[in-house]
Amino acid sequence: MRRNPAGVAGAALLTMLLFPIYWMIASSVTPESRLFQSPPLVPSTLSLDHYRALFDERDFLIPIRNSLVVAAMTTIVVLPVATLCAYALARLRFRGRALLLALILAVSMFPQISIVPPLYLILRELRLLDTYPGLVLPYVTFSAPLAVWLLTGFFRQLSPELEEAAMLDGASRVRALWDVVLPLAAPGVATAAILTFLYCWNEFLFALSFMLGPDRYTVPVAVTLFRGRYQVPWGQVLAATVVATIPVALVVLAFQRRIVAGLSAGASKG
Amino acid sequence: MSRHVAAIEQEERLLARWLVAPALLFILVGSLVPIAATGWEALHGHDLRLPWLGRPFVGVANFVEAIQDPRFTSALLHTVTFAVVTVPLEIALGLALALIMHTAHRGRALIRLATLLPWAIPTVVAALVWRFMFDAQAGIVTALLRTLDVVGESFDWFVHPLAAWVPIGAADIWKTTPFVAILLLAGLQTIDPALHEAARMDGAGGVRRLVTITLPLLRPALVVAAAFRMLDALRMFDVAYVVTGGGPGTATEPLSLYAFIVLMQRLRFGYGSALSVTVFLLTFAFALMWVRALGRSLVGDRT
Amino acid sequence: MSCSLRLCVVLVLVTVCSTSCGERALVTRLTFSGSALGPEAELVQRQLVRFGERHPGVEVELRVTPDAADQRHQLYVQWLNARAPDPDVLQLDIIWTAEFAGAGWILPLDAFALDVDDFVPAALAASRWRGALYAVPWFIDLGLLYWRTDLLPSPPRTLSELREAARRLQETGRTRFGLVWQGARYEGLTTVFLEHLGAFGGGILDAQGHVIVDEPAAIRALTFMCDALGRDGFVPLSVLTWQEEQTRFAFQNGDAAFMRNWPYASGLMQDRARSPVADRFAVAPFPAEDEGRPTAALGGAQLAVNARSANPALAWALVRFLVAPEQMLERAQLVTQLPSRRSLYDTNALAQALPIPIEQITQLLDAAVPRPVTPVYSELSEILQVRLHRALSGQQTPAAALREAAREIRTLLVRSGLASEEQAP
C-alpha cells in the first residue's frame, strides 16, 4: 500500500481529531481580553486566571466531588452485579439465557428520556431527588449492560479447564468462582470499571433532571450551566472543560490498550 | 450416573438464578418498570402546574395532540434527518480512520490516543468546545472562514436555522467517529492478510482490494457500527442542548430535547411521557429493522 | 485491584461523612434565593446579614442562581416541583407569581399583616392569584427608550418619528445602528413586543382574558419590528441573539442612536470612566402611533415564601424586612432599581438616588402595562417568543406567525381550564 496518500489523509484526520483538544487547552490559558479577538494559533501570553476563578469564585471542586462520589458508588454496585451475571451467562446453562442477553442489550438501547418521567416522580416520592443514591440507580441500570457484555465476552475467552480442575478436586461451583476465576478476571473487571467510570463521568441527562442545585451538580451539568451570564465566560468554561477532561485523559492514557481490546472484543463477540 | 449429572445441572440452574438476579432486578426496576410506567403516564393528562385538573385518563389524546403539534413533527424530522445525514459520514470517516490505524506502522500509539480521547471526553465538553470554535465573535472556525471570505463580517452560525446544524453535526461526528473506528478496526483485524497477499499478487491495486475483499468481509462490523450510531443519533440530546439549546427558535430541536422541555420545564408529564414513548418507539422500530438486516447479513455470509 | 477498590470505598465514606457532619443544630438557617449580579449581590448579602443581626440565632444564606431569568425560572420550577423545602424565600420575576401560586408552591400571604396600600397597584395586581395575595412587590422595572441627547434635540414622539430618526442617523454614519432592542428568543423579546403592541393599540389578552394577539393591530406591530430588521434596516440582525447586556454594550459604545432597555442600564452608563456615552443620553417612554399609547412593559421582582419552608413565620419576617422602606431606599441608591412603594417617590432621597428624573418615572408608571397574569404565562410567552423569533428571522410572515401563536395560546388556555378566566389588572 502506497504510504503517501494514506499518510496525508492520516495526518489530516489526526489533526482534526486532536486540534479541538489543543484549542481547548490553549484557549483556557488565553487571557479574557484576547479570547474575543481572534487569538493566534499559539497563545502569546499565558494566564491561569480562568483556572483561579474556576476554583475560587465558582468552587469547581464541588461538582468534581459529586461526580467522583457518584461514579465510585455506581462502580461499586455495578462490578459485582455485572460480574456474577456475566459469569452465569458465560458458563452456566439455564432457561432464558438468550432472552436475558437480549434484554440486557435492549436496555442499553433505550432512549434515556423515556424513563425520566416515572423515575422523577418515584424519586420525588422517596425524597431521593438531589441525592447521590437517586442518581446511582439509573446509572447502574444503564452502565451495567456494557459491563455485562464486556465481561461475558471476557469469561468466554477464559479456559474452563481451571474451574473444572478445581471442581474435580471437590470444590463447589461457587468456590471455584471465588478462588480460581475471579483473580483471573481482574483485567476484565478493571476494564469494566473503567468503562463504568467513563459513563458516569460523562452522563448528562439524568444528572440534569435529578440533581437540583450547585451542591449536587455533577461536572457535565455544572460546566453547561455556566452559560447563565449574558456574555458566556468562555475562559472559565474552557478551563472547566479542561479540568473535566483531565481524569478522562489520564484514564485513557493509562489504559489505552485495555480499553480498545475490551471494546473490540465485546463488539466482535456478543 | 445420569441422575447425578441431572442433579448438578439442577444445582447450576439454581445458582445461575442467584447470580443473575441482581442484574435482572436492576434492569426491571431501573428500565422495564419505568418504561411501562411512562407508557401508562402517556395515557393520562398530568400537568404538575395545574393541580386543579387532576390526573384524568385520556386514552390516546396525548398522541393525537402530538401528531397535530407542528413542533413535534419538526422535532421528529430533525431527529431523523440528523441521523440519516451524520451516521453515513461517521461510518465513512470511521472506516478511513480504521484503515489508517490498521496499516500504520509508525505513530500507532499517537493515533490510538487521538482516537480514544474524543470518544472518552464527556459529550457536553465536546459540544462546548465546538460551540466555542463556531462562536460568532471568539470562534476560530468563523474567523478562518471570514479571512477566506467565505462568510460575511457579521455572520453568526447560531442565528440561521440551517447553519446552526453545522456545529451540532461537527461536534457529534468528531465525538463519535472514534467509536466507529474502533469497532471497524476489530473487524479489520479478523480479515486474513493472506487474502490481500493473494490479491496483490494477482495485480489488484489498493482500492480494488478494498472494495472486493475488505468491505464485504467487514460488512457485519459495518452493520453493527451503523446500528449503534443510528440508535445514538435517534436519541441525541446532549449535543443539541449544549450547542444551540434547540435554537434559533426550535430549528435545531431534536425529539429528545422537545420531550425534555415539555417534561421538566413545562411540567406536562402526560404529554411529555407521550413524546418520550414516541422516541422509544422510533428507536425500537429501528432496532427491529436492524435485527432483521443483521440476520439477513449473517445468512448472506454463509452462502 | 482490591487495593484500589478499598481506596475507593474509603474515599466514598469519607466524602459522605464530611458532607453530612457539617450541620449545626443551634442556628436556624434560612435560605434566600435571588439575583446576584455584582453590586446587587453585595447589597443583598449586606441586608441579609443585617437581618441576622436583628434576629439572633438566625442565619440567612444567599443561594446563588443563574443570572438569566429564564434559567432561574427553570431552576425554581425544578426545585419547587421536587418539593424542596429550601430556599425559604424566593425572589420571583413578576410574571411567575401566578404560576407558582396556582401550582401551590408558594404561601398565601393574606394571613400576615402587610401595608398593601403603599405598593404600586399594577405590581400588586400581579402578585394576586384568584384574589389572594401570594407575593410582595420588591422592585419595579419599566421598559424605556434611551436616546442620544447629542444627536437629537428631543426624543421622538411617535414610532414613525423614531424610525425616521434612526434610519437617518444610521445612513449618515453618525451611528452604526439606528435602534437596538432585545431580540433573543427569551422573555425580553416578549416585553419588547408588548411595547410595540401598545404603540399600535394592540395587546396579548384583552380585559376579559380573550386572546387578541392575532388582531390587525398586533400584526401591524410585528410587521413594524420585522421591517425594522429587514426593509427599513435600522435594527441590526444581531439583536436576534442579544439580551439586555449586549444591547447596553452597543448603546454604551456609541454604536446605537436608540436603545430599548430597563432602568438598570442608566446607572451603569453614567459611569464616565467606562461609558463613552455618559452625560449624552436620556430616557423617554417608548413612543406610539396615533392608534396606540406609549407603553412601558412592567417588570420587576417580588418576594414569596416557599410553601414547604420549614420556618414560614421567620421567612415572612425576612420578606417584610426586605420590603421595608429603609432597605428599598438603599437598593434604589446602590443599584438603581425602582422601589415598589409609592410613598418613596415623594422623598428627596429617592429623587437624588435615581439617575432618571422622578416626574418621568411617575409618568412612566402610568404607562406601565403588565403581561398577562396567568399560571400558564411562561408557556404562553414561549409560544409567543418562538413565533416572534420565527417572524423576525424571516422564517414566517408576521400574520402567519401571530395567527398560529394565537391559536396555540387559545388551545393552551382551554386545555388548562383557564379559558374564561378574567385576567387582572
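A, B and C label the chains in the order they appear, each numbered from 1.
By our rule, a contact is a pair of C-beta atoms (placed from the backbone, for glycine too) under 8 Å apart; a residue touches a chain by one contact, two chains touch by 3 or more.
Bear in mind the structure is a predicted one, so any value in this text is a computation, not a measurement.
Novice: What kind of graph do the touching chains make: line, ring, star, complete, other?
Specialist: Graph shape here is complete: every pair of chains touches.
Novice: Have a look at A-B versus A-C and report the one with more C-beta pairs in contact.
Specialist: A-B
Novice: Measuring from the mean C-alpha position of subunit A to the mean C-alpha position of subunit C, what distance in angstrom results?
Specialist: Distance between chain centres: 40 Å.
Novice: Centre to centre, by mean C-alpha position, how many angstrom separate subunit A and subunit B?
Specialist: For subunit A versus subunit B, the centre distance works out to 16 Å.
Novice: Among the residues of subunit B, which ones contact at least 2 other chains?
Specialist: 264, in rising order.
Novice: Enumerate the residues of subunit C that touch no fewer than two other chains.
Specialist: 78, 81
Novice: Which residues, counting only subunit B, touch subunit A once they are in their complex?
Specialist: Those residues of subunit B that touch subunit A are 9, 11-13, 15-17, 19-20, 22-24, 26-27, 29-35, 37-38, 41, 93, 96-97, 99-100, 103-104, 109-118, 120-126, 128-130, 132-133, 135, 137-138, 140, 143, 174, 177-179, 182-183, 185-187, 189-190, 206, 221, 224, 231, 234-235, 237-238, 241-242, 256, 259-260, 263-264, 269, 272-273, 276-277, 279-280, 283, 287.
Novice: Would you pull the subunit A residues touching subunit C in the complex into a rising list?
Specialist: 65, 68-69, 72-73, 75-76, 124, 127, 129-130, 132, 186, 189-190, 212-214, 225, 228-231
Novice: Name, in rising order, each residue of subunit B that touches subunit C in their complex.
Specialist: Interface residues on the subunit B side: 47-53, 70-71, 136, 154, 156, 158-161, 247-251, 264-267.
Novice: Show which residues of subunit C lie in contact with subunit A when the two form their complex.
Specialist: Per the stated touch rule, the residues are 1, 5, 8-9, 11-12, 15-16, 63-64, 66-68, 71, 75, 78-79, 81-84, 243-246.
Novice: How about subunit C: which of its residues touch subunit B in the complex?
Specialist: It comes out as residues 74, 77-78, 81, 99, 102-104, 185, 236-238, 240-241, 375-376, 378-379, 386, 389-390, 393, 395, 404, 416-417.
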